[in-house]
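I've put the structures underneath this note.
The two complexes that follow have chain A in common; it is paired with chain B in the first and with chain C in the second.
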Partner chain A sequence: MIRPILVRRDRVVPATQAVAFVVGIAAALALGLILLWTSGHNPAEVYERMFDSAFVGTDSLARTLERATPLALTGLAVAVAGSMGLWNIGAEGQMMAGATVATGVAMTADGLPGPLLIAVMVVAGVAGGMVLMLGPALARSHLGVSEIITTLMLVYVAIRVVEWLETGPWKDPASHGFAVIEPVPEQASLPGLFGRANVGTLIALGLLIVFSLAVSRTAWGYELRLSGSSPNTARYAGISLSRKVLTALLLSGGIAGLAGAVQLTGSATRLESGLSNGYGFAGIIVAALALMRPSGVAVAAVVFGGVQVGGQSIQTLGVSSAISDILQAMILFGALVAAVFFNYRVRWTGPAGESLVDEPEEADMAAEGA
Partner chain B sequence: MASSGADYAVWLRGIEKQFPGVIACAGADLRVRPGTIHALLGENGAGKTTMVNVLAGVYRPDAGEVWVNGQQHQFQSPADAIAAGVGMVYQEFRLVPTLTVAENIVLGAAPGLLRTAEIVERVAELSAAYGMAADPTRPVWQLSMGERQRVEILKSLWRNASVLVMDEPTAVLTPGEAAELGSTLRAMAEEGRSVIYISHKLDQVVAFCDEATVLRQGKTAATVDNLQDVDLTKLAEMMVGTSGGGNVDRPPPRDRGPEVLSLQNIGSLNDRGLPALIDINMTVHSGEIVGIVGVSGNGQKELAEVITGLRRPTQGRVALKEQDVTGASPGDRYRLGLAYVPEDRLGVGLAPKMSVVDNAVVRSYKSQRRGLMLVMDRCVEFCQILVERFGVRVGRLNDPIAGLSGGNLQRLLLGRELAEQPAVLVAAQPTRGLDVQGVAAIQSHLVEQRANGVGVLLISEDLDELQALSDVLLVMYEGRVVGEYPPDVTPRSILGSAMAGNPPT
Partner chain C sequence: MSEAALVGLFVATVQFATLVFLAALGELIAERAGVLNLGVEGMMAMGAVSGFMVGLETGSPWAAFFAAAAVGALVGGLHAMVSVVLGADQVVSGLALTIGGLGLAAYVGRNVVGERPETQFTDLGIAGLADIRWFGDIFFDQPPVVYLTVLLGLAVWFVLARTRLGLALRAVGESAPTTDAVGHSVMALRAGAVMVGGAFAGAAGSFLSLYMAPGWTEGMVAGRGWIAVALVIFGAWRPGRLALGALLFGFTLALQPRLQSFDIEFLGVQVNRISPALLGILPFVLTVVVLVIISWRYRHRPSPAPAALGLPYRREER
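Let's turn to the complex of A and B:
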């Protein structure tokens, strides 16, 4: 029987990445044809609307960037932890924690001038994200408790805390009985760029550049990558693994918290339990599309943001939101499958003579009688 | 001599298996008669695991024949091998901790309809028949290592295996459990089943087994039809044997320099928390090679780790250049002049998925900084110098090192460790698995370092290499140094006795 196996590529070439990406999305769109036909839509029209509304014209681009900004920040948060082989899947909650602390600061310091207040709120956002991450980070670095579970569980804690604040202590007295928190001060709004895009996009871009360089070009990033790729070798090189785990997770939480503050001062008007809007969870997909590399997050976030914007606008053509969601999911699925082929290629094996297990690790040899 | 496999329970004939950069088997034979317990011996990397994985259908051989119970097979998968009657008990157990003993045993081989009570009863009968106490209803996570091993054996018996392969079975057992295992295996053999027993513990091999095959460098080096006629010494000698290595000219004796490494009363535990090193005292002087002789698993790995700071000793003191480093980190020890070529190169010394450059600067990246940034040009330059000086054959420096052959990996690793002129080099199995050229290159580097005044601790299983290169040999057995010998005038038989735990007095 001839069957395909995946073989790790010796070398990752940008051109193959682009090709794989395009092929993956094209395959998803091709499958989407069936979906649209059977649900009685004109695929050409739907796809055209989808693309135009996300990428053609400044308004469309602005909408996509507005979506891509929180996705880029939460994606970066996940990727920073991912560079070391850690999974922060609680960016959703850290985002909320960041926005909560930033709101608290805005309430007490609402006399500050705009730029200063925004700066203070952003710092507060980072602190909030880090505080929520502190428990999972310490538990992971010192006790080996899986950060995957702890970060996820705290998402719900963070959202419930905001709900409690909404209905209790922070309930806006001027809200006529509605359970909402008062809006952030007028002067604490990030300046707009064009269309609906605001300066938050530039903050995200700046951070992406800083972290891309930090991970690929600094001694700190080298240690991070070495610790993630081969923990024993890192120990051998004199790197303290627990300290690296702690800093990587805290930074990850801090970036997600910053995403909350940027969202609060950017697109949102006030802290509410829906502020994080799934951006934190979507950040996991963004980071996975970027293969956990900060340098890839920008592209992945724009693609993801564009798919969301396009998916929304096709509903004006009568495509139901369910069909739209399925289509969006298929496109992201295609892109994720394509991402596998950035690192692997398919090889067909014949029945005879070829090994089932292709690469015998040295570990195999060393395991003999060890 | 039979010309077909009909007389044997297992006949692996002329097995060849090559992996990128490593020849694991080069025409090895293994013949196991029915109803016997057959020891498969050999140093690490000799091809034992590859041979049994061929038998278990995990690897397909490049050449050679596989016969089981008189029939030739071409296994496409482990399932084929199981169907042919081969049972495999790996060192790392393959059990589902949350399932019960009975569930684990029938997993994948359950009768169509799961009648739990009946299965439990049959499992209980099976374990009673072989004297293996195991409560079928208990979840596996509650069991001791010895009990889990029984479950693995029962799994094979449930599938009616006629050949049971056990890889290093007593490594996880207490002495009492090991003795029980011996009688279980004997009961199976008396029924006509065969057992292939891989172990380094020679005393157990002699106690448990009937016959033996010794592999060396992927070939069958010796077969023993009756283990009762062979003494431990002889067996130890056969295992380490000669590699044809040691082709480097013996360096002329020279005056020893000052003491650069010393261990005092070192004790340490292994990963399972059992004593691995007991009261070790040794010194290495500048400009000498101290060779550590011993069958693998007698504390060599732990010794290297304690010296390099990767394992904490439970007692004693480690000194580098007369400075106490017992509590120092691996990085601090490196900066004080301790270089280390670890046994598990890809797991401990190198990061396989990272680039050649990234791997070259594992030790020195901190000195390639300007401010916070790593200066990539300097890293690349540093890497290029290593590659040229040590003759590493590489493609692109930015490609992952996983694509390099074993010899080139080792050249890169050794080059990196020697780049900043250490005072002490700990080299664990530095030539294992390398081709002839690679062996010669690494050996001549070791000799060169000795001439440069480096104190070398050479841990190896190749007696030829040790005798050719070392200035003094220390024999390790069960965590102790049991003898110190001059390398050139000590007969093999004396070293063999010491390695088997009976140093001549």
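Let's turn to the complex of A and C:
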């Protein structure tokens, strides 16, 4: 039997991740094509509608930016932890926590003038995200508890707390029996840019630039990356790993909380259990595609914003919007596979091998002789 | 609380324990072979929707159950392909599997939401034993999947602890190069473990959609897949302790919807006046607390986790 093995390339093709991303998009579209075709839709018509509604014309672009904003912020949140090799997969919950604390502040301080109220709410949002992250961060930095599961578990906690607030303590008395929380004060809405886009997009862009510089150009960022890639070296250099873990995770939670406050003062009108809308989970894909680099997060967030807007728009053609979730995951899978082939090449090894379980020595020798 | 309600609570405990144990057992197999699969939630959703649809089509719960296991194995196979064969990051691949699996399940099942199955698993009612007061209902009058899961648990324990295959699986989870050098195929062992794990998760998903909450709705797995992932840590990667953990979590999951009807006071709070939404956080808070306690207990000892967990293996980089 001739069997393939993967051999690391001597020279890696430049700009590989960008190309891998494009390959991922192509792979996802190909799979979507099969799905759409087999369920009786016209793929060309569906894709055209998706593209037009997401990227053609200022209204479409504004809708895409509106969705790209929370994706960029949650993506950045995941990336900040990720640049240290940590996984915050609970950005969805921290976003809710941020929006919740921001709403609480808005309820008590609704007499403040607009800009000041928004500023206070944003700070409250950061604090809310950090509070939800505090437990997982301390557990990780001091006890080594995997942050993957603890951050995720708290997503369910945060969403259910908002459901509780909706039905009980914060239920709007003027809602005629509907379980909704009262809208945020009118003066606390971010100014619009064009179409449905608002200033939140600029906040996200600003933060991406700040963190891009901080991670790649400052001593702080260097220590962060070093602690993630070679913890032993970092320890010899006198860096306190547990403190770095704590900072990175709390920052990550804070940014996700800020995403909640920006969403609340931006495109949402009130706190509701659907406010986070999967942005925190999609943010993980965005950050993974960007290899945890803030600049890449910006690009991936806009593409994913477009995919989501497109996914909404094709419902009028009778296509389920679940197709956009599938496309998003497939883009990541495609890019993941493509990235492997940019870093490795396939080498076919000579005739050898009988069963799958017992791999004979000859395969090894053939590989070395080739 | 009435006697019937109490028996009902423990009947549900056994069923919820079965649900999370079956999925966690699959994850345990994969992790013992060194592969972290965070796609359990997605595999369960795919199992739930495909099991339910096959059940609708064939009217046979067993056909549905095994179809769901096959779909779970296929979905797990994608993770095996990407993270084992190609050696991509296991965390990223697993998360993509969860997100994509949930999306695909929603897409595939969009036309069967709200439908009702015609037939489903019937409780076995083991002759003679099912009539025993209390214990009969709890242990001897359950659907067949419960007993099958117990057998699977014993089988997994036996294979891991007592067979050559189990030894090879555990070895590849501790050190892939060593296992390779001995002459076992790292890829076949790991990919096989991930696919078997996927089959277990898919089957667990179908137990949900065929029996526990007959029907299909988006989001019906509701975090139980993640609880299964946490259970493996709780169980210190051993089937026996996993079973104990499953009973604890099963009890919590069964208790939560029933607390509403309990007329008891706890720490000065009337339990039945707490909102159901707040009670819903119970299993998730418990998971976090339990993980912290486990890590606290192991703080001065080596972790019980397989040494090569999460590390991809490429022979050329040996």
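Note that the second predicted complex is superposed on the first by the 301 of 370 C-alpha atoms of A that agree within 3 Å, B and C clash if a C-alpha of one lies under 4 Å from a C-alpha of the other, contacts with A are read in each partner's own complex, and residues count from 1 in each chain.
Everything below uses one rule, namely that a residue touches a chain if its C-beta (ideal position, glycine included) is under 8 Å from a C-beta of that chain, and two chains touch if they have at least 3 such contacts.
Owing to the predicted nature of the structure, the values given are computational and were not obtained by experimental measurement.
Engineer: Per the contact definition in the header, classify A:Glu163: touching chain B only (first), chain C only (second), both, or neither.
Structural biologist: It touches chain C, and chain B stays clear.
Engineer: Taking the superposition on A as described, I'd like to know which of chain B and chain C A:Tyr222 touches: first, second, both or neither.
Structural biologist: In the superposed model, A:Tyr222 contacts chain B only, not chain C.
Engineer: Determine, for the superposed model, which of the two partners chain B and chain C contacts more residues of chain A.
Structural biologist: More residues of chain A are touched by C.
Engineer: After superposition on the shared chain, which partner residues are touched by A:Arg8: those of chain B (first), chain C (second), both, or neither?
Structural biologist: both
Engineer: Name the contact category of A:Trp37: first (chain B only), second (chain C only), both, or neither.
Structural biologist: A:Trp37 sits against neither chain B nor chain C.
Engineer: Intersection of chain A residues contacting chain B with those contacting chain C?
Structural biologist: 8, 356-357, 359-361, 364, 367
Engineer: Taking the touch rule as given, give the residues of chain C at its contact with chain A in the complex, in rising order.
Structural biologist: Going by the criterion above, the answer is residues 38, 78, 82, 86-89, 91-93, 95-97, 99-104, 106-107, 110, 180, 183-185, 188-189, 218, 222-223, 226, 229-230, 233, 275, 277-278, 280-281, 284-285, 287-288, 291-292, 294-296, 299, 303, 314-317.
Engineer: Can you list the chain B residues touching chain A in their complex?
Structural biologist: Listed in rising order, the residues are 17, 19-20, 22, 24, 44-46, 48-50, 58-60, 62, 74, 76-77, 91, 167-168, 198-200, 296-297, 301, 308, 310, 329-332, 334-335, 340, 342-354, 358, 361-363, 365-366, 368-369, 372-374, 376, 395-396, 399-400, 402-403, 406, 432-433.
Engineer: Write out the stretch or stretches of chain A touching chain C in their complex.
Structural biologist: Touching chain C: residues 5-8, 35, 87, 89, 135-136, 139, 143-146, 148-150, 152-154, 156-157, 160-161, 163-164, 167-168, 281-282, 284-285, 288, 320, 322-326, 328-330, 332-333, 336-337, 339-340, 344, 356-361, 364, 367 of chain A.
Engineer: Which stretch or stretches of chain A touch chain B in the complex?
Structural biologist: 1, 8, 10-11, 213-214, 217-220, 222-223, 225-226, 229-230, 232-233, 235-240, 351-357, 359-370
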